[in-house]
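There are two complexes below, and they share subunit A, which is joined by subunit B in the first and by subunit C in the second.
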Partner chain A sequence: MTVTDAARESVASALEADQVVSHLNPPASYDLADHPVPTGREEIWRFTPLKRLRGVLEGTPSDDRLTWDTTLPDGVTVSTISTAEARALGELAPNDRPSALAVELAGGATLVDVPAELETDGPVLIDLHGESADQLVWGHLVIRVGAYAKATVVLTHTGSARYSATTSVLVGEGAQVNVLTLQDWDDDAVHLGRDAIRVGRDATVRHTAVSFGGDLVRLHANVEYDGPGGDAELLGLYFADAGQHLEHRLFADHNAPKTKSNVVYKGALQGEGAHAVWIGNVLIRKVAEGIETYEENRNLVLTDGCQADSVPNLEIETGEIEGAGHASAVGRFDDEQLFYLRSRGVSEPEARRLVVHGFFNDLVRKVGVPSVEEKLLATVEEELSKNVLQELS
Partner chain B sequence: MSTLEIKDLHVSVDTEDGPKEILKGVTLTIGDNETHAIMGPNGSGKSTLAYSIAGHPKYTVTGGTVTLDGEDVLAMSVDERARAGLFLAMQYPVEVPGVSVSNFLRTAKTAIDGEAPKLRTWVKDVNGALERLNLDPSFGTRSVNEGFSGGEKKRHEIAQLELLAPKVAVLDETDSGLDIDALKIVSEGVNRFREQEGKGVLLITHYTRILRYITPDYVHVFVDGKVADQGGPELADQLEAEGYDKYVKAAV
Partner chain C sequence: MTTIDERNPELEGIGRYDFGWADSDVAGATAKRGLSEEVVRDISSKKSEPQWMLDLRLKGLKLFGRKPMPSWGSDLSGIDFDNIKYFVRSSEKQAATWDDLPEDIKNTYDKLGIPEAEKQRLVSGVAAQYESEVVYHSIREDLEEQGVLFLDTDTALKEHPELFQEYFGTVIPVGDNKFAALNTSVWSGGSFIYVPKGVHVDIPLQAYFRINTENMGQFERTLIIVDEDAYVHYVEGCTAPIYSSDSLHSAVVEIIVKKGGRCRYTTIQNWSNNVYNLVTKRATCEAGATMEWVDGNIGSKVTMKYPAIYLMGEHAKGETLSIAFAGEGQHQDAGAKMVHAAPHTSSSILSKSVARGGGRTSYRGLIQVNEGAHGSKSNVLCDALLVDQVSRSDTYPYVDIREDDVSMGHEASVSKVSDDQLFYLMSRGMEQDEAMAMIVRGFVEPIAKELPMEYALELNRLIELQMEGAVG
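== the complex of A and B ==
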């Protein structure tokens, strides 16, 4: 073997190390051919009832749009850009068929731009509303937050639609960003979404997904890093009612050293056929030394007839890490908790209410958007009234 | 007035080998202003007695009666028993994540009284109770029993005793795991409760230590699910000197 060959081989192996792909997260690609129509047996599709996507995966072109109602703090702009411009901004390429179709068929993207060093005086509010599930809507969004800026973005989805959207959150160096997406759809909505975040060097990002409504909601929250020191917190809260399918897929791709990710998703299920799916995955690449990661999912099953699938994964390519862990639990009411509360005179429905509120409280407090926190507690209360608060006959 | 009357109580639990009888005919009356200590070796059924009175679903009453001022306790649900005036201070208080102590106390007080406590006096009452038990006012914002030290859990139980003001308190090994300072604080709390008119206390303990601070009117020795002996406070001294051996041997 010549020296040149050896060098070539080491370069090749180095390249291969870079190309480590997560078996749960196929490589991102704009090419639709890389995202074939799923049969339902694929690892990334096996939990999703494809029929209930109601033809979204066929990729029928459509001009339908959600109505947009925005509240923008001073200095924040919203504009329309072309598909090519979105790509040129360095958005994150689609990682599954619905997000690839969204880029292909949305006919351009909406850019929410927070300039560098801007500290917004209030949250960016984007209210998206659909008229009916007959509408097929392709969405393409880019949220760009400049270096050292500080901003909160709240996306609220109401009404109904069959909506497939891809969103990139590009976070500049040292920025602090809080993104919350609330799925408060009507009962028949279908929502496929992929939020992908690139965390700048030393930037801090919190992303919260809150899913209450919709017939089928399947959301990705993916994070990768643009340099060392990035810190991402991915939170989620969901309440699956009878017949609802709520699926959250998390991916923290530690592609830079000294980065952090913390994933906490909590959900409650009630009613016949309520189905929650949570797939967490963390990939720690060879280069990602000294990282810290933790992922956690907890499900509270309130009635019979519900199903919660919870699968945490961890793929590790380096041993030089600060900490990595995960936890997953699916459980019913803890009889001892109920006994303790009832032994203090609290009625059984009231005890259940306290336990569920308590279950969500810690998470709600972390959201960091006061107006939304209040609404979340109210919605939890509303959901509880459907079941838990009804006196047992 | 308050009289807790337990007559020929039989209780069993489900085990893998079928139901197992733990209490084998317990008869005990706790009258007005009386403090009864129940002492016995591990596994004698002391805690089962406490949990059966409170109505824990794990225990099945197979015979006997329990009445509070003539009312049939066994016919009541767990929360009805508490509202009727029974309180159980638990050996292992349960964590309720995300529910703050202040929310918990207010909810319990509202349930017991049938109406929400007056805000101004209530805040004062809570702060007073916490202070007397040497618990920081910030305690109210913590989740119920979550991350509490053993001593904090027990002091929190006694703070509840003070605020919820039941007729009869059952204290299940409240002294276990307490250092001497915490034991004194907890005992003072129990004594404040006893000093009130018409309160009854059933103090369950393995050790005589707590009886130095809380003097019982009666002492019952509990062995193998039954009362094996009873007497006045002097019986506790005898147990301290001799242990439970002679009772355990007699029961075999």
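== the complex of A and C ==
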């Protein structure tokens, strides 16, 4: 039996295989004209203080680069490719102005290549360092993990810069990938990032975003699927201090049946003007029957003067799903937990420390890279000692 | 297989939109289309309004032109503002008794069952709005003696100008949004309620809104003031005939609940499927006051409605119960908005929606806890039920917290009718569509039980009707 093009088209349109129009997710496009300079009224920009981006959105060309320091396990290669080559690899097209600018102005991409069926003997460590916030840096990255490979990639950002980057993570069939991006910037850094992940058939991906430093950090993590059976876990952990704006936007696009996504983001806020924004979008297309999704965001507000915005959106176009849910909560210390600990003779500052510790701990344990786990717990301690514990002692 | 109707003769006649007939349309046929300063001045002068109201209307018109159409939510491109009739005066003056109403209008409301409700004393007051103005009004004498005012908004402006000017537009300013501005410029009719201190109105006040003319815009304006420690329950219902082209309903409802007062506002909108229903509803609550919205969205082509409660005083409480059904070609974009502006305030939102036959339901909500509103609590629960594979359900729950000592929870789930439940009921001898209807009824039960009896019955029947033929 031959399938005519017309039939194919009508099936595709019935299943809405193309972009579903939603105000939450502007269509992806390389054309800068499709991504006008935001005014702040747009749905995707309305939580971001545009002034503090300090001109990143104007799109001034710049030759500044972050310094790269990489540790590569055997078999993994890092190379520079042209913008056209990155496109030919099938990277995900930019979906907002900063990511479109990054592609346009970075003058080529860096390709981290994990060949098919390679099981790496250790994590791929990429340390990115910026010299000062006067630097304007455009970044363009492609991480390709071949079919049935198994790899962990850790991106660490330190120092300071005004940095806008787009990263595509292309995961082959049956691969298992763990990507971690750590934002440990100095206090004056601006970081706009987009991590777009395409999950291959039956592949498993875990993406973890950890944001501690920076004046303004705004990260997108997008997931789409290349076939049934893909499983994506998006984890996040953030600690917003006085004056910091940390924004995390997630988009799980269930464009294939029997796929899974699980989003868990936890954050703590302390100090005047600390602002955390978390937007989780899940789109379940008509074609995506039998999928499972859950998104969750928990915020722990430690002091007055903080602001936490939390929006777990769901858009569902088929009733044939295994389950879809979301939850978000904002609260402060649980008095009962504190009371319990104190009744057992733990001092109040110590009890508070333990509660915050416990809040983050289960998430930290999921990271799966021991050296990073330790570092995260240490950073949480450090953050706590800055404010909460000082206040009390 | 027998149909639901055959097994349940009492449901006879439920399988259609019963309110889809239209009366002969004398007034509407000659009414002017389109919006201009002239139209606004004309409305104002026909009502012989004071200058301040005309000025406000003109300001509304100006802001309407300037405000952008919302870029989110439903597709509103089908609204042609130039083709709408902004003011249609029903041919007769307001009647004092039911029998004085002109025959055709009386017939309309007879079919809707209003005189019945009044006769049986199910309500303590009735208002009926036909096209742009209220045609019939009554309130129980004992309530009148206690100083309860229940009038149509136009009469209230004439008879109680000071009270009116003090509160009008204070909860929803002229330029709040495009449709509030439009309403301010061309508003007509609606209910005005004032409940004096300590007065408890124990059976509901009721209003019915009916659009008869094609391409008609109904812009009623409701203002409810519940004074200290008073209580009122206000119920409204809406219907319209089925025309081939669209009508617009854009109401503004402002409610002020003073210290310790309590107000419950119940709407069941069952507009026909060619009405754009774009409504702004907002209430303010002073210390210790309670506001409850019970919001049922069954009809209309597109509904965008987010009843809001501003909790301005300590220990104020807000509650929204919302239920939405979307069938073929319908988009119910409904939700709730709670703004905590004082300490120890609490709010809860319970939203249930059912989408079937390609319909789309959206929950869109905002919980905002402002600085200083410590000890506030908020809980949001939204459940959506998808009956088939072609329908759509969205959840857009915005949360904005600016205070540390609060507890806020949001939970949502979307599910399909489970095969286990269906199998269980069918193994006990139920037909599939009957079982389906029972599951849906169980799903909406927590809200249905909060409705006045006759509306709960109506809702159950509508579910029955909506669900028929939903399976296979």
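The rule is simple: the second predicted complex is superposed on the first by the 373 of 393 C-alpha atoms of A that agree within 3 Å, B and C clash if a C-alpha of one lies under 4 Å from a C-alpha of the other, contacts with A are read in each partner's own complex, and residues count from 1 in each chain.
One rule holds for everything that comes next: contacts are C-beta pairs under 8 Å (C-beta built on N, C-alpha and C of every residue); 3 or more make two chains touch, one makes a residue touch a chain.
Fair warning: this is a prediction, and the values are worked out from it, not measured in the lab.
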item	value
Fit or clash - subunit C, subunit B, common subunit A	fit
Subunit B versus subunit C as contact partner of A:330, first or second or both or neither	second
Which partner reaches more residues of subunit A (counting touched residues only), subunit B or subunit C	C
Which superposed partner A:51 touches (first subunit B, second subunit C, both, neither)	neither
Which of subunit B and subunit C A:313 touches, first, second, both or neither	second
Touched partner set for A:342, first subunit B, second subunit C, both or neither	first
Which superposed partner A:302 touches (first subunit B, second subunit C, both, neither)	second
Three-chain overlay, closest Cα atoms of subunit B and subunit C, distance in Å	8
Interface residues of subunit A shared between complexes with subunit B and subunit C	none
Residues of subunit B touching subunit A in the complex	54-57, 77-79, 81-83, 87-88, 90, 93-99, 103-104, 107-108, 111-112, 143, 160, 164
Subunit B-facing residues of subunit A, complex	334-337, 339-348, 350-351, 354-355, 357-362
Residue ranges of subunit C touching subunit A (in the complex, touch as defined)	71-73, 371, 384, 386-417
Residue numbers on subunit A that touch subunit C, as the complex places them	23-24, 43, 286, 289, 299, 301-321, 323-332
